[in-house]
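Following are the structures in question.
First subunit A sits with subunit B, and in the next complex the same chain sits with subunit C.
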Partner chain A sequence: MDPSEVEFLAEKEFVKIIPNFSLNMIHLIGGDLGPFNPGLPVDVPVWLALNLKQRQKCRIIPPDWMDVEKLEEMRELERRENAFTPVPSPYYMELTKLLLNHASDNIPKADEIRTLVKDIWDTRIAKLRLSADSFISQQEAHAQLDNLTLMEINTVREFLLDSLNCMYKLRSNLQPGSRKGQFTDH
Partner chain B sequence: MFVTDIRKDFYEVVANQRVALMVATDIDALCACKILQALFHCDHIQYTLVPVTGWQELCTAFLEHKEQFRYFVLINCGANVDLLEMLQPDDDSIFFICDTHRPVDVVNVYNDTQIKLLIKQDDDLDVPSYDDIFRDEEDEDGGDSGNESDEGSEPSEKRRRFDEAAIERRIERQRARREWEARRREILFDYEQYEYHGTSAAMMFFELAWVLTKDTKDMLWWAVIGLTDQWVHDKITHIKYVTDIATMQRHVSRHNHRNEDEENSLSIDCMRISFEYDLRLTLYQHWSLYESICNSCYTSCSFKLWTLNGQKKLQEYLADMGCAGFTLPLKQVKQKFNSMDVSIKENLREVIEESSNKYGMKDIRIQTFSVHFGFKNRFLASDMVHAASALLESAEKEESNTTDNFIKALDSLSRSNLERLHSGIDLAKRKLLAIQQTVASCLCTNLILSQGPFLYCYLLEGTPDVKLFSKPLALTLLCKYLLRAFVHSTRNKRCKLLPLIMAAPKDVEKGTVIVVGIPPESETSDKKNFFGRAFEKAAESTSSRTLHDHFDTSIIELKTEDRSKFLDALITLLS
Partner chain C sequence: MSDCLSEDGINQEEAEDDVLTPAKLISKLEEAWLNEKFSPELLENRSEMVECVMEQLTHMESNLQRVKAGDAMASVHRMEVDRIRFVLSSYLRSRLQKIEKFFPHVLEKEKSRADGQPSLLSPEEFAFAKEYYANTESYLKTVALKRMPANLQTVDMLKAVPEPCLDSFVFLRVKERQENIFVEPETDDQREYVVDLEEGSQHLMRYRTIAPLVSSGAVQLI
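Up next is the complex of A and B:
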C-alpha cells in the first residue's frame, strides 16, 4: 500500500469547522453533511474541510487531542512503556500533516505540536523496528499488533513480509533430504 | 463608464460566467492577475489567461477568443485608446478595464454599455465634461430645413426676407460650431498631451478582495509588490507612493492584529508582513553590502562610482562607517549579507543613515514592506519586483517566448516557488551589473548628446549585454539610471533639466531599434511624459516606419535607417 493511499483513507475522518457561508444539507454517498450556517460549528470529513479552507470558506478547529499538554503526556507515556500505547487517533500522523500544512493559522502553537507528534512517531517506529527484528531472528510464529496505526504497519509491511519469505526459503533449503530447492546437488 | 460598486457591478456579474483575462506584461499587472486568480479559484470562476505585450497581440487574442467569451477583463491595458474602435467587438461583449495608464480615453469614459472602468474616480483624472466634447447632431440643420419647407408656400418677397434671416441663423450656428470644435480640440489636446500613471491595479483588486472579505496575507503582499513596482520603475510620484504606502500600512496592521495573540503565537511558517523603513540599496540582503552599494542607482550616482574620485569616496565612506564607534571591517562588507555578523546587522540601518547624511545622501531610507516566512526566507518588496521583472524579460534562452517568461514570473510571486524566485534574484543581479557597466561606459565615452530640447543616447550593437536592453522594462530602468547619473555628473545647468531619449537595437534581422523617452529628472517631478504624442507626430511628419505597439506610448519601435530623420523631426517639434 502506498503512503498516499493511507492518507486518502485518513481524509475520511471527521473534523469540526466553522463555515462562513450557508448551505442546506448535502446528501453524499458516504452520508449526509450539514446544514452549514455561518458561525456555527459543523462536523465534516477532512477532505471537505481542506477544500473549504483553501477556498477561504471556513475555519478549521483542531481536534481535541491536538493540544500541547495532552501530546506531551502521551509522549512521556510512550517513552516509558515497552508495548505500544493507545494512540490519540488511528490516523494521527496524517491528520497532523494535513491540518498543519493547510490550516496552521487556525491551530495554536503549531510548531510545538508538529515536534511532539514527530517525537511520538519516532518512539513508536523505533519500538516497531526492534520488535520486527526480534520477530525475525527468534522465528516467532505470531505477534500482537495492539494499538498500531495503519501508517506504521505500512512502513514495516513490505520489509517484514519480504524478509519472512526469504527466511522461509532459506530454512526450507537447509532441511536435509529435501528435493524442493535448487541448491541441493549430488 | 466608471464602476462605482466593484462588487455588484463587476464580481457578481462575472460570478457565473467564463471570463477572458488579458494581462499586460508588467509586474503590477502580474500581481493584479495573481490576486484575481486567487479570487476566481475560491469561487470556481472559469477563466482563460492571455498575456499580451502590445496592441497587436491584444487584437489577435481578442479575435481568437471573441466567439467563446462575452466578458473580458483587461489588466493594465486598454484604457488609453478608443477600445471599441480598435477591437470592433460585437454588441454583447463587455470589457472590464483596470489600467494604470492615464489619461483615460474619453470614449471609454463616456461609453455606458460595453466599457466598464475599474478605476477610482478620485484619482485626479480631470476628464473633460461631456458637453465639451460630444454634441448632439440632431437639432443642427433640422431647424433650417423645417423653416425652408414652410417658406415654400410664402409669397416671394417675404420668402427673400425669411431666407436672409435663415441664412444668417445658419451662418451663426456654423460659427458657433467652429468655435466649439476649436475649443474641443484644445481641451482634448491638453487632456491627452501628457501620459502618466494612476493607482496600482494590484491595489484595486486587493480592495475588491477586501470588500468581499476574502483578502488574505498573500493578496496583501501581492498588492504591496504591485505598488512597489510602480515606484521602482518610476511611474508614480513620491507623494503618491507615500500615500499609497500609508493605505497599505492600514491593511497590514489589520492583518497583523487579527492573527497575533499573546499566548497562541503563530507558526513560523505563516507569512508575516511588516512595515520597514529600510535602505534603498537594491537586493542588499541577497548580495554583499559592498556590491549592493556599487550597483544601486541612488548610491552609485551620489558617489559617481564611474570615476576614480568616486571610488575613493566610497572607500572613505566605508571607513567612516567603520570609524563611527562601530567596527565595520571591509571584509565583512564584501561578503554575503547573510554571513555578516549579527551584531553588525542589527544596527546597520542607523549606521548607514548617519554616514550617508554626511555624504549628501539624505534619502537613503525609504518606506517599504518586507515579508517573512519560514526560518530563512526574508524578502523586501523591491527584491521581489526586481526578481520578477528579470524573469519576465529574461533573454537567456533563445526559444523562450513571452508566454513562458510570463508564467515563470507569475510563479515566482507565489510562496511555494522559492527556487524560481532565487533564480530571478540572480538574473536581477546580473541585470543590475549590466546596467551599471553600461551607464559607466556611456558616461565615460560621452555617448549622451544634447540635441537641444532633449538628451539622446544610442546603444551600439556591439555593446555588451545589449540584448538585455531590447526589452522595454530593462531599457526604461537603464534610461532612468543613466539620466540620474548624467545629471549628477554634468556641470551644464541647462542640461540637467532636459528629458532623455534612448535608443537600443531591438531586432537585428528586421533592423529595428526600440526608442524610449523619459521626462526630466527632478525632485518634484510629476512624472508626466509627453513623448507619446511627440513620437506620433514626428513619425507622421517624416513618414518613418514606426510601430507604436507598446501600451506605454512613450516606447516605440523604429527602423534603424529612419532614425536620423525621426530625430530631426523631434528636434524641430520640441524646440
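Up next is the complex of A and C:
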C-alpha cells in the first residue's frame, strides 16, 4: 500500500474547525455535516478541513492529544516500555504531518510537536524493526500487534511479508510430497 | 431486483433486512477495497455493492450538473465524489490485476462452483477473463507453439500459471471475536497451537487459516 493511500484513510478522521462562513447542513453520501455558523466549532473530516483552511474559510483546532506535555509523557512511556504503547490516534503520524503542514498557525508550539511526534515515531519504528527481526529468526507463525498503526505496519509490510513468503517457499521445497501447481513470485 | 438505497439517498423505514445507509455502503466499499488489496487470492464478487455505489455517484453527479457554478456546497460534494470514485476504481483495478495473474484458476473455480454459491466474478469480469485466456492461448500459439513438434503444441494453463499462494502472511484486524484459530507450526520442531482472536486486536498470520473469516467479514485485512 502506498503511504499516500494510508494518508487517504487518515483524512477520514474527524477534526474540529471554526468556520468563518455560514451554511446549512450538507448531506454528503458519507453522512451529514454542519450546519456551519461563524465562530461555532463543528466536526468535519480532515480532507474537508484542509480544503476549507486552504480557501481561508476556517480555523482548525488541534486534537486533544496534540499538546506538548501529553506528547512528552507519551514519548517517555514509549521509551521506557519494550512493548508498543497505545497511540493517541490510529493515524497520529499522518494527522500531525497534514495539520502541521497546512495549519501550523492554528497550532501552538508546532515545531516542538513535530519533533515530539517524530521521536515517538522513531522509537516505535526501532521497536518494530527489532520485533520483525526476532519474528523471522525464531520462525514464528503468529504475532499480535495491537497498538501498531497502519502507517507503521505499512513501512515494513512489503519487506516483511515478502521475506516470510520466500522463507516459506524455501522450507516447503525441502519437504517431500508435491503440491499442485507452483507458487507465485511476488 | 430491489434497490438497496432509496431515491434521495436517505434511509427509509423498510421491512427488508438489507437496507443500507449510504454511509454504511461507503464504509463497506472501503473494507472490500482493503480486503481485496491485501488478500493473495481473488475474493468473492460484490457486484450489488458496486452497483449501489455507482448509483449514488451518478445521482450525486447529476445533481452537481444542475447546480450553478460557484455554489459553496458543490465543490465539497465533488471532492467527496472524487474520493469515493478513487476507492471504487482502485478496488476494481485490484480485482482485474488478480484476474490477469491467476486467470486459469479463476475460470476453473468459477466453472466448478455449485449453483447456490455466490460467484467469484461479475459477468463483465467473467467475459474479460475468458477473453484474456483466449488471447493468451492464441498468443502463445502464434509466437511459439505452432513451431513446436506436433505432440508438444498444447499448454496446460492450469499448470503453467502459478496459483495464488494462500500461505502468504497477512496483517489483519479482528472485528468479531473468534476462538480457537489453529496456527500451524513453521518448523518441524514447533508444535501447532491455537489462538483466540479478541475483538479489536491486530495480528500477523497465514492467510489460509483466516480466509473464511475474511469472506464472512469477521476479520479485516489491513
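General observations
Throughout what follows, the second predicted complex is superposed on the first by the 172 of 186 C-alpha atoms of A that agree within 3 Å, B and C clash if a C-alpha of one lies under 4 Å from a C-alpha of the other, contacts with A are read in each partner's own complex, and residues count from 1 in each chain.
Throughout what follows, a contact is a pair of C-beta atoms (placed from the backbone, for glycine too) under 8 Å apart; a residue touches a chain by one contact, two chains touch by 3 or more.
Fair warning: this is a prediction, and the values are worked out from it, not measured in the lab.
Aligning the shared subunit A places subunit B and subunit C next to each other free of steric conflict. By the touch criterion stated above, A:26 is placed in contact with subunit C alone, subunit B being left untouched. In the overlay built on the shared chain, the residue A:100 is in contact with subunit B alone; subunit C does not reach it. Within the superposed three-chain model, A:109 lies in touch with subunit B and out of touch with subunit C [touch as defined at top]. Shared-chain residue A:69: touches no atom of subunit B or subunit C. Once the two structures are superposed, subunit B and subunit C can be ranked by residues of subunit A touched, with C on top. Of the two partner chains, subunit C is the only one that A:139 touches; subunit B does not reach it.
The gap separating subunit B from subunit C at its narrowest, counted between C-alpha atoms of the superposed chains, is 6 angstrom. Subunit A meets subunit C in the complex at residues 1, 5, 8-9, 21, 23, 26-31, 47-48, 51, 135, 139-146, 148, 150, 153, 157, 160-161, 164-165, 168, 171-172, 180-186. On the subunit B side of its complex with subunit A, the touching residues are 41-44, 214, 216, 259, 261, 263-270. Taken in their complex, subunit C has these residues touching subunit A: 9-10, 22-23, 26, 30, 37-38, 40, 56-57, 60, 72-73, 75-77, 79-81, 83-84, 86, 90, 101-102, 105, 158-159, 162-165, 167-171, 183-187, 190, 195, 200-206, 222. On the subunit A side of its complex with subunit B, the touching residues are 55-57, 100, 104-105, 107-111.
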